[in-house]
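Take a look at the structures below.
Here subunit A shows up in two complexes: once beside subunit B, once beside subunit C.
Moving on, here comes the complex of A and B:
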């Protein structure tokens, strides 16, 4: 492995010793784990308000399950991207694991996983908070439901941004071709 | 094959993390702005339902922050191509700092939009609407 300029700093010396498969695996785990965390957080915020408000206004229950579905969609984005990322993994011969191209592929999958995971986390939280206030205001005045739902749709677009960038970045994960 | 890879080996780590920072922090700001002003709109709408559609402006402003982050993340991510163009640590650090700049600015703008939007729609319901949405454009551009 040729010594490049970057090897003289301690960051680089540590980073090149970590296998790209480590980075990829952690990235995939974060993509699905943190997305599901965001979805669960949003669902419990929405669900507890919904159930409480439905005591006095039972008519709101079936309509406001849409908020729960928006939160759940965030977890599904995480699953889809995790599956896509793990199909990007290829096995390279052990002589080529620390090639610059393999390292780059590992970093790309890692960053893609972080993007999707944390974007879905904040999206789930946002949709959960708005869903809870949607349920509470719907219980007071049923004409407000559709209007607050518009705000929820803006919130759920954030998860989509994460998925788009995650998939674009995963196209950078090209491993070196096997040399026979 | 990999001999066409020119540049430093660990530079793409910083470059990709810059793209990640751009999107993640902007989305955090957008989420905070949307959620905080959305809660204000919902609680104001109980008293004045006719003002709800006008009060969605801070939510739209906060959503735009996510789009800024998306654009910068895509620009950075497609600029990391060590086979076509040498990618040194300089480029990696430049991408990291541009991603952090966009992301953290978006985070702060989103927090500002959230707090101001919440206060604006709540207090705006007390008076006749006079177009005070100009104060919501505290965005970094």
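Moving on, here comes the complex of A and C:
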């Protein structure tokens, strides 16, 4: 075992002795869990305004479901990335768990999960708040819908940025080759 | 002041906010008013209103319409919408909505007591009351002889009970005392409402303090003008002014000593910003009501 991390009672040793599997698992959990939190938050924000506004202006219901679909897409990104990340998990022999290569793979999956989770959280929130305003203004003046939709499209791009970076990070998750 | 409210507001307020915006779209526009101005008969008015949001409320009325029927049905629309919102609201919005009715309750109480004093029939008075200010046992008000009885018999069970602490005397009810009672109750109500809004903080406190300050100032000027030339002493007049608003406290000092309607406008100069003061000046240039 390489004793290159200072003496055994330092914090750095404690940190690197956490199994990379822990980090990977937490990363995957955050990827899906926090994304779904963002999507749900966005959907309820949009949905409550949409239902109230549709009482006096029933024509807005079908068009404004697009906002709900954008929020839902955020959850789907989370699911996709979580599935990709779990395919990156490999088992390594116990002698190699604390190799730098293993730790790197574990941290990569963790980082990817956090990136995707939190990017989707704020994206879902953003799209939800814009969607609620879109429903309310569409009820008053139907020419506003398409213009506000453009804002929503820009907002939903935030989740995509997170997914792209997350997938690139997960390509870093190469576990050490099994030694013969 | 305005923070991350958009993230959690829709939990309790999203549906009601959307409904209120829908109601705002249903308000009569200048074009509607132009049409109504050109109507010759009440049936024309009913026809024009049938194209607006008031249509469903008026369509079942039989043909010889009275003005009071039209007004009653249109008020009914307001009451229905208000009640719908009140059922859907959670705290603190439901308390806030109930505060709005207390002003109408005070007006109804005074209406019934004055009417009874002038020997009118209770049923007739009940029909004239504003529907938003109705409460159970309102008819019992006709039995009371003085304010203490009024409080003990009826008002102690209503939300107006806390506003009575300054008002309970054993004097008999006559016109002057009833007006003083109305203004004292309204003063206590406005101050209570103001404190409640301040406690809620945020956008509510900011916007409501402006609206309530305007209401308090308007009532102060109203009380001053109506009490010029009556037996109301200056101290009594000062007691009826609310403890907040742009005119508090220096404007109130000046208003309390006004003896003539022309002295009222200069009291407000410099204390109220230009918009309310233009409103005030327009009113004061007209003949004051008796």
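To be clear about the criterion, the second predicted complex is superposed on the first by the 173 of 180 C-alpha atoms of A that agree within 3 Å, B and C clash if a C-alpha of one lies under 4 Å from a C-alpha of the other, contacts with A are read in each partner's own complex, and residues count from 1 in each chain.
Convention: a contact is a pair of C-beta atoms (placed from the backbone, for glycine too) under 8 Å apart; a residue touches a chain by one contact, two chains touch by 3 or more.
Keep in mind that this is a model prediction, so the values were computed, not measured.
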* Asked: Quick one: subunit B and subunit C on subunit A, clash or fit?
  -> fit
* Asked: For A:55, is the partner it touches subunit B (first), subunit C (second), both, or none of the two (neither)?
  -> second
* Using the superposition on chain A described above, determine whether A:136 touches subunit B (first), subunit C (second), both, or neither. => both
* Have a look at where A:12 lands relative to subunit B and subunit C in the superposition and call it first, second, both or neither. => first
* Asked: Which partner does A:77 reach: the first (subunit B), the second (subunit C), both, or neither?
  -> neither
* What is the contact status of A:123 with respect to subunit B (first) and subunit C (second): first, second, both, or neither? -> first
* In the superposed arrangement, does A:145 touch subunit B (first), subunit C (second), both or neither? -> neither
* Give one of first, second, both or neither to describe whether A:41 is in contact with subunit B, with subunit C, with both, or with none. => second
* Superposition-derived comparison: subunit B or subunit C, residues of subunit A touched -> B
* Figure out whether A:114 sits in contact with subunit B (first) or subunit C (second), or with both, or with neither. => first
* Once both structures are aligned on chain A, how many angstrom separate the closest C-alpha atoms of subunit B and subunit C? -> 9
* Mind sorting out which residues of subunit A both subunit B and subunit C touch, each in its own complex? => 125, 129, 136, 140
* Asked: In the complex formed with subunit B, which residues of subunit A make contact?
  -> 4-7, 9, 11-12, 15-16, 96, 99-101, 103-104, 107-108, 110-112, 114-115, 118-119, 122-123, 125-126, 129-130, 133-134, 136-137, 140-141, 143-144, 147-148, 150-152, 154-155, 157-158, 161-162, 164-165, 168-169, 172, 176-177, 179
* Footprint of subunit A on subunit B - complex, ascending -> 1-2, 5, 7-13, 16-17, 19-20, 23-24, 27-28, 30-32, 34-35, 38-39, 41-43, 45-46, 49, 52-53, 56, 59-60, 62-63, 66-67, 69-70, 73-74, 77-78, 80-82, 88-89
* **Contact footprint of subunit A on subunit C as seen in their complex** => 6-7, 10-11, 14-19, 21-23, 25-26
* To do: Enumerate the contact residues on subunit A facing subunit C in the complex.
  => 41, 44-45, 48-53, 55-57, 125, 129, 132, 135-136, 139-140
